[in-house]
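To keep things simple, chains are lettered A, B, C, D and E as they appear, and every chain counts its residues starting from 1.
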Amino acid sequence: MPIDVHFLARLFPALLEGAEVTVELAVLTMAICVVWGLVVALGQATRGPLGWAAGAYIQIVRNTPLLIQMYIVYFGLSLVGVPLSGFASGLLALCLQNGGYVAEIYRGGLQSVSARQYEAGRALGMRRWTLYRSVILPQVIARVIPPLANQGISITKDTSQVAAIAVMEIMKVAQVWVESSANTYDVFLAVGLIYLVLTSVISVGARVAERQLAFVS
Amino acid sequence: MNAESSLATDVTSPRPMLDMSGIVKRFGANEVLRGVSLQVARGETVVVIGPSGSGKTTLLRCVNLLEDYQQGTVAVDGEPVGYVMDRGGQRQRMAEREIAAAREKIGIVFQSYNLFPHMTVLQNIVAAPIRVRGIPRPKAEQRARDLLAMVGLSEKADAYPARLSGGQQQRVAIARALAMDPKIMLFDEVTSALDPELVGEVLAAMQQLARDGMTMIVVTHEMSFARDVADRVVFMDGGVIVEQGAPEEMFASPRTDRVRQFLKRYNDRYRI
Amino acid sequence: MNAESSLATDVTSPRPMLDMSGIVKRFGANEVLRGVSLQVARGETVVVIGPSGSGKTTLLRCVNLLEDYQQGTVAVDGEPVGYVMDRGGQRQRMAEREIAAAREKIGIVFQSYNLFPHMTVLQNIVAAPIRVRGIPRPKAEQRARDLLAMVGLSEKADAYPARLSGGQQQRVAIARALAMDPKIMLFDEVTSALDPELVGEVLAAMQQLARDGMTMIVVTHEMSFARDVADRVVFMDGGVIVEQGAPEEMFASPRTDRVRQFLKRYNDRYRI
Amino acid sequence: MKTFAPLLHSYWYLFRGAGMTVLMATTAVVPATLLGALLALAQIFGSRATRSAIVGYIFIIRGIPLLVLLTFVYYLLPLTGVDLPPFWGVVLVLACYYAAFMSEAFRAGILSLPQAQWDAAKSLGMSRRLMLRIVIFPQALRLAAPPFINLCINLIKATSLVSIVGLWELTMASREVVERTLAPFQIFLAAAAMYFCICYALALYGKYLERRVLVGH
Amino acid sequence: AQDSVLDTVLKRDKIIVATYSTSPPLAYVDDKGDLVGFEIDMAHEIAKDLLGDPNKVEFVVVQSDGRFPAALSGKVDFGLCSTTIYPDRAVRIAFTRPYIDTGNSLIARKDAAIKTIQELNDPKYTYAILNVPPAIERARQLLPKVKTLLLDSPSALFLAVKTGRATAFNIDKPIADYYEHENDDLMRLDVTGTPFAYVAQDAIFMKPGDFKWWLFLDTWVGELRYGSRYNKYQEWYQKWLHKDAPPQRAYDFNKY
């Protein structure tokens, strides 16, 4: 398969424009999910209807394909009179689904902090919020960074699915170029490389963060 | 009790520092405490001994409501902790914030140190004073350094717990509890997880504390500590207090068979 | 040593059951064993004592090559374990399969039991005899039941380790090691993780074993065990054997200051 | 009722698609698991060169969207002389892709076993192979079961991408019906429900395994 | 020299064709689950002409991303899936002459009250198209002001307009005709006289460089449109597009 260098030279600037949208989507999704996932995880930890609802939410979003969720958000919301843009719909769907995954990551992190840490905090007179903020969450965060980074990588790859709802991210740009040039190999090669670069940035960033946050344990 | 020391309090006060009465605690059908009552006077050091499973740990955990209990009340320095009696004579659980406040008065040190691994030694000690009691950071840090000096760990202020030996970690845990200026300190087998070589340093810190007039309940298997430091030894078995008294009397001439047996087995094991 | 017991062996044989000579072990730059030589005769029980970090655990782990060591050799019953000397006088590491075979002759019991949690007690005991030594299952199970009876756990054959107390788990671990019919048994602080109440049952099993003529090296802090059971006590410090001798002599009149200090501190702690 | 007419006419077609999804996923999960275990072992016990080769493999696989890999590998294979029918080609790609993730799960399971278990097995004279088989694997597999199940769920959802290389399954089936009937909501929701039933059943099984693991320790 | 695909096909006794299954009325799955349509009939007819049996054909259902590599990699003998001849494409793949001329339809929401195409050229409207080059090019040239929305299936276009995401959309005329009955809330804009009325030409495509194979397929298409197979062509037009096929070429031989 000969690589068409001239073609790639024309392709790359276009792909990079798409990559910008991809990065925006991925970064926003991660930022929102880091918070939203925690909310869901804490909600799930409570008893009663809230915990039940959080659990149901997690199961539903995790066990259905993202593409279909995206469709429902994009076209469904529009039917009921809330026409979010493609970007916003994609972001919402990505956050909904990955919020479920991130919540599970937090749950694992919370469970990995031993009950004795809670007791030690309570014995010092800490109330729930102080206990969580200064004792539990810092430990949870240090522990969830590697799985969160993995999730970040899969979010980055998942953004390719918003192509289906007319967002001009890298995959959509690629599709348009494939359509016009019939040169699937070169386009997908370039796309693969760009994703690889993006995801490596996350891996490296996570490793740095992990080292920063690591307390000697 | 050294009346001149900084922590010295009025030992002659009629009101006990800790007053537990009729504590009953069940785990399911298993009645682990069967109506335990215990008064500890100001500045007194009570050592609790007894066979495994007799309820010693549970008793300590009930004092500051780490375990909930089904009957009985606890008061520290005259003020109820956990439950109050309402007008109808019914036990009423206090609000969480009141319980949290009451816990500040009670320091507890566990067998497994339980330091916060993500904080340095100093941060471990100042966290609660600053966040719970609102003490300004400089003042809290000064106090923390004093306490570290007292337990002989001044130079470890900025180390993380994982870098310390077990004995050092346990001394930090003691300093952390003391930083809240508790009225009473509870120790649950704080040397059991330590290498024999390291036990001494922790016991020394506790002995110093007792000498300074802190009110203490110490659960331990270290009989020599009981002998040298305790004002009173309490022997628990099967969820009740079987016998109590001054260490000399109890070790020399136990009144009950159960204690005699227990001590004999101990002597057999540790006599060279 | 009871010459009539099933495990009895010829104590008068000139060849020692275990012969370690000149063992040097380094962790990086840290020399943990500095040329330790130790012979253990058939049927002899050697108790190793010494302060924390003196290299006791490391010594035991070197015997069956759980740790690799940099100098020296080990032989069990005259046959080398781990290293042989070639014609040129060079140490040569044996092949992995030969080492595995040599390990069968050496039983070891750890502080933390290390039972296989996914197997029942019986499965824990028969796994190695069946799969490593090729003993037919019925025979292996019969032997396992005999061993369980010996350690007093006949009725727990089908329980999972998680359901047992620490003392029970430790006795199973002993039975598991014995099931390979080792020529020598190594014990590394096997009672340190146990509740004081449960220590006795494990020590009793070990005492029985010694009485039956098993060759044993026991690392322990239980001085009464050393006193009652040991044929010889070895004191280690800083990676060397500082002093050794019969327990009565050593405890009554230690020759070196280091041992005297060590025993004094022990006595101070445990005397009631 | 008219709104659901498209669904009533085509539910059997969707069921067949779901059957294909399950068939493809189960066929792919077997080699993925075997290859994953092999990679995990090679990464733990292999030479330095082997280890870095595997690390590189996992890095690349994790960094590129499945869609890109699928197109690339499937359509590049014939150029190298290997020509697989679509089903087996897809199974091959899915297996290689998920093997990377599975090996990470297995490796974590093996490494999280305490050193003491290895020591105990060694000291009983077990050879490495024997100790892996009867001591390490049985425990590591239990520890790895929950992440393994999650990966299986991801794999099932990922089969929705394979239509790009001409394989027919639930997502493709629903798109076919949608394009004919213009009833996207009814059809896609039905498809989502089918995915949910398949994946949630698996998730429940995972929960059950997880609980069993906890009891065992 | 390499064997021509033609030889391979004859040896194999079967043709392998890339098609869509989501593109009514050209190639789609009917409610019995069978692959049907204009292009499907074509493929069967090719099999019949080449191998004597209309059933000696294997369909590989692809999506637009996958159709070109399917042909280039040799996974299929040729592609027959609504592929418009386009110069950039012709650099990498070979087209036969076109087998169908498709015009465009512009469909708008009735409630948008748009009468002409010119009105649509307004930033307050959104215009949905497939992400294919001719449509994109047309949008750029003819409706530079309108917001465009690139979607990847006809159903998504319909849905976008029906749910109010877009005001109007552009689609191949046969497809619009097929969906005609579905939509009373939509209306067609008149495109006569505009470039939307120009025909686009769909053709069979294959790996380039195989003259023998190309010649066969091209000849076959020529015969379909203008020669001996014209009656079939007419039949399929009636059956799938409900109208007459474009006329066979006929002119006054005496004059030229």
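The definition used in the following text is that contacts are C-beta pairs under 8 Å (C-beta built on N, C-alpha and C of every residue); 3 or more make two chains touch, one makes a residue touch a chain.
Keep in mind it's a predicted model, so treat the numbers as computed, not measured.
Shared contact partners of chain B and chain C do not exist in this assembly. Path length between chain A and chain C in the touching-chain graph (shortest route): 2. Set against the C-alpha centre of chain D, every other chain centre is closer than that of B.
Centre-to-centre separation between chain A and chain B, using Cα means, comes to 47 Å. The distance from the centre of chain B to the centre of chain D, with each centre set as the mean of the Cα atoms, comes to 53 Å. Here the spacing of chain B and chain E, counted between their Cα centres, is 84 Å.
Between chain D and chain E, the centres computed from C-alpha atoms are 37 Å apart. In chain D, the residues that touch at least two other chains are 71, 75-76, 79, 184.
Residue positions of chain A touching 2 or more other chains: 75, 184-185. The residues of chain B never reach two or more other chains; the list is empty.
The list of touching chain pairs reads A-B, A-D, A-E, B-C, C-D, D-E. Within the complex formed with chain C, the residues of chain D that make contact are 114, 116-117, 119-128, 130, 134-135, 138-139, 142, 215-217.
Those residues of chain B that touch chain A in the shared complex are 64, 66, 96-97, 100-101, 103-104, 106-108, 110, 112, 114-119, 127-128, 131-133, 160, 162-163, 176-177, 180. Those residues of chain C whose C-beta lies close enough to touch chain B in the complex are 51-53, 195-200, 221-224, 226-227, 251, 263, 265-272. Interface residues of chain E facing chain A in the complex, by the touch rule stated above, are 64-66, 68-69, 72, 86, 88-89, 91-93, 128, 131-133, 136, 149-152, 156, 159-160, 163-165, 205. Residues 59-60, 62-69, 71-72, 75-76, 79, 153, 157, 160, 171, 184-185, 188-189, 191-192, 195-196, 199-200, 203 of chain D are the ones touching chain A in the complex.
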